[in-house]
């Protein structure tokens, strides 16, 4: 088999500069939005004392979850020894770091006191799953960076497998940790479920791979490097499996909830009475985000068209965002059950009412800014360092490939 | 000297006879931040409410009215803390929460701990 | 084969551990008195050489900003240490570019800086002793002035500049290098480095004309001293007879023929290579360049084109205008001078050349970027043209082309190991060891991609490859000229019909 | 059922209280009071006490919100200084609120004040990444706003929606209750008063209005009014199922 | 006017004089010395704008170093970035009215000192552990790093551990700028810091620290690659043509 040759992209074309320009502009606008939020305070956002985590958190958690999933391809190659994926491993690691950075940027900028980032880094409450996550995220950066180093420096290649395994385990823990942020919220009916952690893991596989697939398609198309069909189909099929698995977990989650009486309220809310949340759940998450992509992926002829598969991946991403929206915002909108067996008929603090939330422009811009940060990091990194193989044509990638 | 220097307003009264402030002035100039930080943890986390190094007390004593009886706020150069802090380009966020002027009540914030007139007055009333 | 070991080629480059002094013995022959004096240098080591050397150093510092800035600015960051092919191939620490510079810098510091005068130990300053001079002679003749180190140095410190200065200093105190100085002498008197006089040249070219006509059935001309021709071709003299150089020359002739332009070579300036650069001598470089100007004026040409030669192209591209300009008597529509690759590339762009690529199908090629072309000059009107244009030509003429690993091509290319006036048999050990990084990269593509041949556009590279390839177990004929590929694949439009051509082939 | 966990917990300190009571017996009642309750300013709060509030919903008057107003006045939030002028009602801080509930089966309507319950096992403290949410030795749950980064995770975790986030710049705060943009806050059980041997403002106001619906005191002291009330008439925790062992108890729910 | 203030005032006047005179002389030398030949190294820009861009990249990002060795780049860049922020933060001692951005970077500058010192320690470690770099290092190379490390650590100790009277320090330096000698705190850390800073200023123009101005004068980096289009002739070379 030919050794994969990695090469920086040329990065002088108008298209590339335009891409950087656009992403840069988005980031600037996002920083502007952040400034508005910071300068005035969070009152300019749609968030309030009931919906305390809003759109920024949707984006942030999406990116963080996807980050861990983006590492999947690398894990498959080093941990499970699938050589066909080896040439993709570097991009996979890079994307993982970039997505995590983008997500964390949003989280940090949304803090009430972002200027106290240093406090967050120096004061730890080790009982807090959140504090653990800070450690997990920082560790993820380090471990994936080391992993990339091992892969990229030839004399270090021999260590890439053990480090790859470490990275693999680490990111499983990391996603478990992210899922547990919600799983540990005993007071919230929507979140208090053990299935949360595994569900987040499988969501991470799906979101991460969808983004990976799109980035791969874009970078190979725009740089004019060949990307083999067999490899592409393989990735697509894998994504299909993940999407189906997420669907399965969503099903299991709601079924188990329906089984437990105390969760009937929230289930009825999401599945039937929640208005916008119900619509988002059925139309956005289930139809657009799961069924339609599955159809696109497995349809005998659509599944062969790259543009349609790409569309499917985009839908997976949109569906993922919607899923998190339903889960996080919907979960908070559903009123807290403070007085079981009683109905709140009057409260100066809106007890017993479905909480109102309308995303503000600033929050959405900040969220998009995080995505742009992730993408610009990738775009810059592939120009500066050797992440992308010069060819991913099937005959260059897979020794057993038969045309 | 000829060099520009901060014009630090005089304190309202003396905390201690020996050195005026709650600790030697030399020491205060260099170390008030550490003492304040330390004090804030003591107060908040332990409930220790002595007045030495209490921020409220600093303000009480140091932030004094001008001729018109007006108090400068931290945003203005004349505020006791700002005189130095602006001079030395040190920003603090304390006053985004804390009052930067004395409150017009002496509610348990006059200096001497032992003589606090309120001590004991509020023992569980109606219960 | 020799009394040294050929270095190993590994799967990927490994930076060697230091082995001090292993190349101290490597010294080229010293130039004889008459050659020294011919160039205006003292015949042998002068008495007060220490003083003279420092004087020359001061003179050069005053004349070259590069030298002054480079002597002051190095922070010993070490970025260049593993970049020199001679260090990689020999493990001798004094072949690390910064250590090579330090041979001169230590003296500069000792005599010309405050710290060096009063605290020599502290800053590593050293007295100028015979030992130091010996080191100079050894190690400044282990630098091929390839500028690879300069690419990586944060301040662009170019060891080539230091080597040139050091060689000039040595020349002025009477220790010159035989190979360079003899050649400069010949080029300055006869017109080319080999000392071929006009009749011999004419003879050779006539032979070539016959050979080509026999081969192709087309009367491709190789004109010499033809007044009024449009183009003056200046090419390295190796092109006149050595393999594979001469195949390149045939390629140029075919291209000119196909383009239908009139051209000529000059017996007065029958050499592209300018060894004046290797010894850092502005004056000698200028002398040789003026010959080209004179030839162009005498022959009344409109354009000057240079043949395939790396450092010749550097002098031509970067310095010719400075040394022998202005060339306002030439056609202003063309750059002065032009590289033969630029010329061919233009024709390809305009679709004026037709190729039968299959003629080169027996080869899978890779391209060796010659260091002086890659890092010290350019082709075309865009930055990076020196990389793209030759590759575009190869691709136009061949079906199978693969690049060597990215760390060994382009601006990062490794010198062939024979540049900078070191292409002499007395430095064989150095040349073989210095070729190791290039050979390692070549081996990579030979093994991974089935590459069979390497093309180059430099006379020194070609000669050097012919010599060192066998040391590493490759075929001596693996090296080809770029215009040799052009020559093979070019379809001459006035060629006789297929039948006659194949007849001619059969006869040959 | 709820009281069981509560009492089990109290038993830890039972010994001390008994000893203190025994010691107090010999001395005049007035002095006794001061000794038990007064803590010198330089002494840290101890776990020998656990401060709590008992709310008698039967006594809590409909239409009354004196406790809420008192809290505002004491701590400087709400409409008394209109500093949160930009925030919408959903965004404004609310340390204590009046809630009226109706029993779904009986239709019985009750009203009660709701504030931070000062849980013994506070989820807000567990989740806080920096440790800014914290529980003092004497059971008062506070936000150390000096290290609060405004992540709002504690708000997600609190089952009672007891916490508020400050959505804008504030001015003219009370000396005793510094508050500012970007941090989270909640009822402090008027810790500044408690430390000075005082009673929370809300309790004081309720009593001042002669509703007497609130009792404040040391849950670990069996002789305190609140303990005696609880012992005699009982009291419930909100969402007792969560096992948080709240410091605020309700009676009559 | 204590003896201490006077001593340090003299020290700083002398150091400043040596620094300025030394640098001006060197820079004038570089500027005056002609570069007779075009020797820009690939990737050579073909116009002035390109050169400016290249220089900015080199100075801000250390692009060549990045190509060369990633570790040295990492530590070197960390150090220089930290140094830059720290120095900008130090402007507050020299301006009666600080620029608003000097106020803005104060908090970052504080932590930049970590970047600076970590970078320096990394560079130091490399000098010790990489055999090639050890070979080319003279004692001064180690000392230079140590000097900066000690300056950095003494500064950090003042910032994070035992404070000094900043207001008085500022008064002293504002005084120097107005040729008046004001009192200076007599903390050992501050005095160490200041002594070493003065030493740094003194050796700057006579050491490898000349790389800072040097990089701007390096012909292989600052020349335009247009020798065919434009004839480039040094004065002394022009004389040869006469």
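We call the chains A, B, C, D and E, going by the order they appear; numbering starts again at 1 in every chain.
Here is the rule we use: a residue touches a chain if its C-beta (ideal position, glycine included) is under 8 Å from a C-beta of that chain, and two chains touch if they have at least 3 such contacts.
Since the structure is predicted, the reported quantities are computational estimates derived from the model, not experimental observations.
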item: Those chains which touch subunit D and also touch subunit C; value: A
item: B-E compared against A-D, more contacting pairs; value: A-D
item: Label of the chain whose CA centroid is most distant from the centroid of subunit E; value: D
item: Reference subunit C; chain at largest CA-centroid distance; value: D
item: Separation of mean Cα positions, subunit E and subunit A [Å, integer]; value: 43
item: Chain centre separation (subunit A, subunit B; CA means) in Å; value: 48
item: Averaged-CA centre spacing for the pair subunit D and subunit A, given as whole angstrom; value: 40
item: Centre-of-Cα separation between subunit D and subunit B, whole angstrom; value: 29
item: Numbers and ranges of subunit D residues touching at least 2 other chains; value: 169, 181, 183
item: Sequence positions of subunit E contacting 2 or more other chains; value: 107
item: Set of subunit C residues in contact with two or more other chains; value: none
item: Subunit B residues touching subunit E - in the complex, by the definition given at the top; value: 1-6, 26, 29-31, 33-34, 84, 87-91
item: Subunit D-touching residues of subunit A, taken from the complex the two chains share; value: 40-44, 47-50, 52-53, 107, 111-114, 116-117, 119-120, 123-125, 127-131, 133-134, 181, 184-188, 332, 336-351, 355-356
item: Complex contact set, residues of subunit E against subunit B; value: 92, 96, 98, 102-103, 106-107, 163-168, 170-172, 174-175, 177-182
item: Subunit C partner contacts - residues on subunit E that touch it in the complex; value: 26, 29-30, 33-39, 41-46, 50, 58, 62, 64-65, 67-69, 72, 76, 126, 130-133, 135-141, 143, 203, 206-208, 210-211, 214-215, 217-221, 225, 227-234, 236-237, 240
item: Of subunit D, residues touching subunit A in the complex; value: 65, 68, 86-94, 97-105, 109, 111, 114, 123, 125-132, 147-153, 155-161, 163-169, 181-184, 238-239, 241-242, 253
